[in-house]
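In what comes next, chain A is part of two complexes: it sits with chain B in the first one and with chain C in the second one.
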Partner chain A sequence: MAVLRKVLAGWLCGTLALISFCGVCGAGAATEYEVKAVFVFNFSRFVEWSPQAFSAPNAPFVIGVLGNDPFGAHLDEAMRGEQLDQHPLVVRRFRTVEEIGDCQILFIDRSENERLGQIIAALDHRSTLTVSELDRSSERGVMIQFTTENNRIRLRINVEAARAAGLTISSKLLRSAEIVSIRGGG
Partner chain B sequence: MRSSTTTPIRRTLLRMIFLSAGAVLAVTTTAFCAYEFLTFRQSSVQQLQILSRAIASNSTAALAFDNAEDASTVLAAFKADPHIAAAALYDSQGKVFAMYPRGLSAAQFPMRPGAPGYAFGRTELIGFEPVEEGSKRLGTLFVDSDLGAMYARIKLYGLIVFLVIGISVPLAYLISRRLQHQLLQPILALAETTRAVSERHDYSVRAVRTGAYEFDLFTDTFNQMLTQIQLSEAKLHAQLGRLSLLQHITRATGERQDLPSIFQVVLDSLEANLPMDFGCFLLHDAAARSLTVSVLGAAGKGFADKLALAVRLDVPLDANGLSRCVAGELVYEPDVLKVPFPFPQRLAAAGLKSMVIAPLIVENQVFGVLVCARRKQEAFSSGECEFLKQLSEHVALASHQARLYGALQQAYDDLRQSQHTVMQQERLRALGQMASGIAHDINNAISPVSLYTESLLEREPNLSERARGYLTTIQRAIEDVARTVARMREFYREREAQLTLERVDLGRAVRQVVELTRPRWSDLPQQRGVMVDLKTDLNDGLPDIMGAEHEIRDALTNLIFNAVDAMPSGGMLTVRAHRSVQVDGADRVFVDVSDTGIGMDEDTRRRCLEPFFTTKGERGTGLGLAMVYGMIQRHSAELEIESSVGKGTRVRLSFPAYTSSAVMNSHVTRVPVVNRRLRILLVDDDPLLIKSLQDTLQEDGHRITATHGGQAGIDAFGAAQKRGECFDIVVTDLGMPHVDGRKVASAIKTMSSATPVILLTGWGQRLIAANDIPPHVDKLLSKPPRLQELRAALAELLP
Partner chain C sequence: MAATLMTGPFCRERHARRSIGRMGGAIGASALAFVLCVCFSAAKADDLPSIGDLKRLNVEDLMNVEVTSVSRHAEKLIEAASAIQVITQEDIRRSGATSIPEALRLADNLQVAQKNAHDWAISARGFNTDLGNKLLVMIDGRTVYTPLYSGVFWDAQDYLLADIDRIEVISGPGGALWGANAVNGVINIITKGAKDTQGLYVDAGGGSQPRGFAGARYGGQLGTDTQFRVYGKYFDRGDEVLASGNSEPDAWRQGRVGFRVDSAATALDNLTVQGDFYDGHEAQSTGTADSSGENVLGRWTHRLSDESDLSLQSYFDQTHLSDPVSPLLVGATQFSPPGTFYDDLTTYDVDFQHRFRLGARNRIIWGVGFRHTHDADVNAPAVGFLPAVLDQNLYSAFLQDELSLRQDLSFTLGTKLEHNDYSGFEFEPDARLSWNLSPSENLWAAVSRAVRTPSRIDHDLSEGTPPYLVLLKGGSDFTSESVIAYELGLRAHLNSQFTGSVSGFYNQYNDVRSTSFTPITILPLYFANNLDGDTYGLEFSGDYQATSAWSLHAGYTLLREHIEVKAGQFDLSNARNETADPKHQISMRSSLNLPGRLELDCGLRWIDTLVTNNGPTRGTVPSYFELNTRLAWHASERLELSVVGQNLLHNHHPEYGFPDPMRPEIQRSVYGKFAWRY
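Our next item is the complex of A and B:
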């Protein structure tokens, strides 16, 4: 009996350990850009654009990625089927800043680190919410910067940059983010 | 005082008030509590919802950007509500994202979020609120609020209810008491009154007004009813009392038979029981139109004195109430002061202010009135008037019966008296008839003695003095016998005997009687060895009296006989005659006959004069003293008897003395004599009488033809008439066998109407007195015939 109990206990422990390892692996694999894709999508909910930001009332709400696309398919998955008011959500990927037409949210990839100043300048006075994961990018004029803290994604928001772009960021978003008061590029 | 019957009303009323108040209170508080409870639940849910929504709304960014810290901070806002026991935030996958308070154990919230909505558990309110940003569902908020607030509220309500009940119950009690008092007081008072009435039969109590309109109406009606009952009760009571009084009086009057005692008992009863202050009965004399006081009430004596009323006093009958009453009307004067007539004014002056006069009516005649009076005005009720009217009828009836009874008694007494008288008369008549027969025979028998004695005295001058004296005595004795016989008949004569009064020398009469009765008072007692000593005491110079000597002699004889009989063992007999002039000038002569015998007791003395009353048994006739009394009456004399038992008796005869003024009835007339010789026919059936008459008449020189019997006389008269020798006169006896004197007279008159007829009769004196001379008889003479009378008759008839 004792032998059987030990065998049964060991089997149970093994099974439970396997399940928890798989969960951790899955989470860890999906976590960063999957979460950041959702975050980007969620920005559309907590930021208010002026109607002038759209060329037409039913013009698509464009979420652009400038530079390399770190999201893969996650961003598209996150946007699938979603709609903001009358505006269908569209993900567009831009190689250069010149390609950028109407764009409500622009994710600036790390690869654009060198050209960030230009990009910010190019986007000046356009109602485009700029998002980047570049270090200290918020101080350089990016409106929302992803940071990682204790293995968790945190936001740094340059409120003045957003206000300059004519965007109103929800106070709820502001509360859960770190406010950067230095206005970059301007 | 509250009786068990009244308590349930109070209790019921209290219960009603409490039940209704309690029900209202219970419904109100229950409704209030239920409403409050429901409202509170609703508001609790709403509040929780609002709070949850606010938290959820604030949690969106934290969920959207996976900021658990921020979420926890947001959830910490639940701290504002101390009743929030637990809260948890789930992400869109349903995993717990944040919780409140921090470090909440897994048992305190569900592992997976439930459907949105709120639900009450046993001790908590649980809600799931979706966390959405725009239309994007970001997660779910779980809230668990304990129901402490609600319990606190319920406790508060409980306290309020308790307080409300605690205050309202005593308040309700006080108010209900107050209301009850107002409501019940009249009812209880009425109930109390009713109880008093029903238990004590006291109809004088009254329910008290309370001021509440309906109750006062009720109370008034009730009191009115009580008043009526009381009046009826009093009336009934009075009626019963009067009925009982009437019965009492009727019974009392029924036991009495005379008016005054009936009236007296009626007045006594009325004064004691009606009552009244003054009462009297007045008797009505219809002929004299006056009222006489018959009986006065004993208690109203003082008033009677003030009224100056006394028994047998007349009360004038004027146009006042009395005359109305006498007309048969019951008169009631409620205020006599206002009646301006004498009798009411007399009452008023005596202090009697009201009166009732009731008539006593028998056979439609008012024979009296009953007067009742009281001091107060209007003191007689109609019931009492009616009572007095009825009473007066009863009294009248009783009086009538008493009168009838009296009349009956009188009639009965009269009848007895008549019967007694008739019996006595019958006895006297029998005695008289017997005496008449005896008298006839005696008269016949002594007729020859009388005729011859008279003839001898008249015609024999040579008689010796002694012989003449004897003859005179014989003649007087014969006369006495004749008178005695005549007087015997007086017993049965209805009218007073005719009495011829003459002067009588009482002394001589006494001496004669003493001499005549000597054998009785001297000889007979001596034979029995008893000595009776007789003493005569005759005063000299006694005046004569007017009287019938023979009657006086008889009376004295009877008195002497009685005196001797009263002395069976001898004694002293005194006869005394004396004269006395009275103070009024009357001159009287007394004759006393006294003995020393056994005497008479009072009863005997009182009855001794009654006819047939005797103490001598068979020896006495009971007529002696009665005859004496008759003599006394006829002589206007007086009789006085003094007697004491064992000492003797004195009888005194008192005669008025003779005075010259007294009329002398007797007179001596010269007897006429017929000088011629007459042919006389004598008819009689008694040979001795015929012989003596024949002898004496022949000596007068007449020619006498004597016949024996009536028929022989008629025959002799007829024979003589045929011969032509007619008789001058016929003298015939009345009582003869076969043909009596009347027939003889009738026959003679038929043959010769001119021939006078003289009828002789032993009953002659009676016929004369009765003025009953038969027809055809010219002269009636009684036996024994006296020669002088016969001569006078002849002279009268044949002048």
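Our next item is the complex of A and C:
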């Protein structure tokens, strides 16, 4: 037991030193979906939609969530009071792909894994930026895929899929993303 | 004679637990400590970026924000129609766990008890005995329970913990998909892909327990679509103590190396090849036991379409055990001298699986598997297996259909059909209903049958090998134990802060293992299937993200067991030997990110009194509170320094075993660690 006490005492000193040395440093961590919500907000800034993507000049810019909603209130909070040109940003939640009307950005939840192929097919020729965190979803036709690396969010972008939908993704976004090309299968 | 009998084999089993026996064999203060932890946490919790702050960052900076994902697995799991809990890499890192069994304490639906420096008893939904055998455990698809007794040598299972992606823990039967032994639960240990472990990682540290440890991994690229990693790990654990405070000679050291290669050979094909080698030495009262092994596994998956794929997996696994066995003593009489028991097990396994959609409503998975085991023992005078060398084949096939009844309602029906050399064909059907009450709430119900097929100990054990006196042997008529399980569960993701799950079960067991005696000669005693019984219980687990920097977790398990001798039958221990479980179990954890890149974690657990098996009388392990804490500082992006205290509330406390002066107890321990990645 004597040895243990000595070790304990030693570590206690070390711990106190750490605390006093490091009183104030940088910002702490944010929750995953806060950061992802802000990414989605940024997509509205760094992707270009043609005017035909909106039914009216002041129609809302719709950010949709298909399937389960992992964001909670974070997505609504990120979009609150924001607008793009004349289009106010609104968040809508959809259970099925059929429910989706006008939608500029669609986040496809993990719960839709099995239906992803049908969803991508149903959105063909619509100017909807698809976003998902499903594994290999960018290879499967989703335009922007979130991945996590060492607790940091990374983007994988399928440029061809976006181009096919008439969307232009800014180089600011592309620069820090991994570009995925469709190699068959899609 | 009767008295001798009652004490003889039981006393023997105490020693047995050490040798083959590894297989056979302060409320106020703690509450205060936890509250202090939590208060300290709460006081510092709010100094974090808001959504508004995050929106002011450019994309590059946003990518550098570290994220916590306490609830991510809950979302993925929301539709899982079983009592599944997932231990993430982040959970493991922040717990300060140094081994897989320590990490498994993070699953509320498991009972985990540390027996000594190198042995653990781990089970789900009860039956956590020395010969506990109702759990299926896999590491990257490789089954690791031993056919010797259908239990797990936890001291042989390890990995560089930083490279584990997650541990999925399912309580309840998983026989339909996973097969025999998935009676009360399935543990799936899943390591990261080579792509996610690129670069150099080094950790090392030491303290009172473990005395010292070091691990390293290097991951690199072998081509545009192929990555690899190699890793090594070594640790040295010191002796634990007895109740008297005297040292228990159970020091343990082990080294391990391994590799993994992943290749996205084409857009549709993935190949994985991985392997490990380990070698360990454990002190025990009878001498040093050695345990080593090597395995290599290959897996090919081919995507046919979005909803269809094939996978083919094969592995080769060898384990080697050498275990000094004490003499067999009954009173002052020595029935057999000391010796050493050796076991060499070779396993070849191949599995094929195909997943596809049939029509609009059916999702089918089917598969076939084959396993060959070659088990070669060298028996000790006091214990062994007869025959000493045994080859066995296991054939299996399964089919499961998930039928989508409505968008929000699905019904899954499946079964496994197996053939093993001991009990022939086994049938393990399973039916599950899953109802998404809303996108964030799922209600599920299941009825399933699972079997625990006979293992070598049930059939071939010889405690005392001829020409020495045989006290206890396997039963040549020993058949499978079976369970019919009824389960109901609710999983809810109430809002962005709360997730929770609750599940209840009622299990009916048939033909559970008992010990019978031979008429007239009395000896040898032998294993039979003379017990029946039922169990019921409740498992609750909840996560609360108090602020973006502070998360809390609570878990509770209730378990009641009623195991009885069948009418007109006999069991030497009167149905006491197959259970050793707490009725209640509570765990609470707090994870906090402090300013200055500090992390403070506390985990408090309370384990109810458990009635032990393997004693001449009813013995208990007293209920206890224990507390683990971890303080870590991210000195830079690459360097993490931490200090971890484990079992802080007592100098030493027992978690398992019959209350005699030789029962090992687990000491308070503290260690420091650095982890560096490049």
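Going forward, the second predicted complex is superposed on the first by the 152 of 186 C-alpha atoms of A that agree within 3 Å, B and C clash if a C-alpha of one lies under 4 Å from a C-alpha of the other, contacts with A are read in each partner's own complex, and residues count from 1 in each chain.
Assume contacts are C-beta pairs under 8 Å (C-beta built on N, C-alpha and C of every residue); 3 or more make two chains touch, one makes a residue touch a chain.
Because the structure is a prediction, the values reported are computed rather than measured.
S.K.: Touch test for A:148: chain B only (first), chain C only (second), both, or neither?
M.R.: Second partner only.
S.K.: Could you look at A:73 and tell me whether it touches chain B, chain C, both or neither (first, second, both, neither)?
M.R.: second
S.K.: As a test of reading the superposition: which chain, chain B or chain C, is in touch with more residues of chain A?
M.R.: With both complexes superposed on chain A, more residues of chain A are touched by C.
S.K.: Where does A:56 make contact in the superposed view: on chain B (first), on chain C (second), on both, or on neither?
M.R.: neither
S.K.: Should A:33 be classified as contacting the first partner (chain B), the second (chain C), both, or neither?
M.R.: Touch partner of A:33: chain C, not chain B.
S.K.: On chain A, what residues does chain B touch that chain C touches as well?
M.R.: Residues 35, 38-39, 42, 46, 152-155, 172-173, 176 of chain A touch both chain B and chain C.
S.K.: With touch defined as at the start, can you tell me which chain A residues reach chain B in the complex?
M.R.: Residues of chain A touching chain B: 35, 38-39, 42, 45-46, 82, 84, 152-155, 170, 172-173, 175-177.
S.K.: In the complex formed with chain A, which residues of chain C make contact?
M.R.: By the definition above, chain C touches chain A via 47-49, 51, 53-55, 57-60, 62-72, 75-76, 78-79, 90, 196, 207-208, 245, 266-268, 303, 305-307, 357, 363, 407, 439-440, 493, 495-497, 545, 548-549, 593-598, 631, 633, 641, 643, 651, 667-670, 672, 677.
S.K.: Give every residue of chain B touching chain A within the complex, in rising order.
M.R.: Residues of chain B touching chain A: 57-58, 60-62, 64-67, 70, 133-134, 136.
S.K.: If you look only at chain A, which of its residues touch chain C in the complex?
M.R.: 1, 3-4, 7-8, 11, 14-15, 18-19, 22-35, 37-39, 41-42, 46, 67-74, 77-78, 93, 95-96, 109-111, 114, 116-117, 139-140, 148-155, 172-173, 176, 182-185
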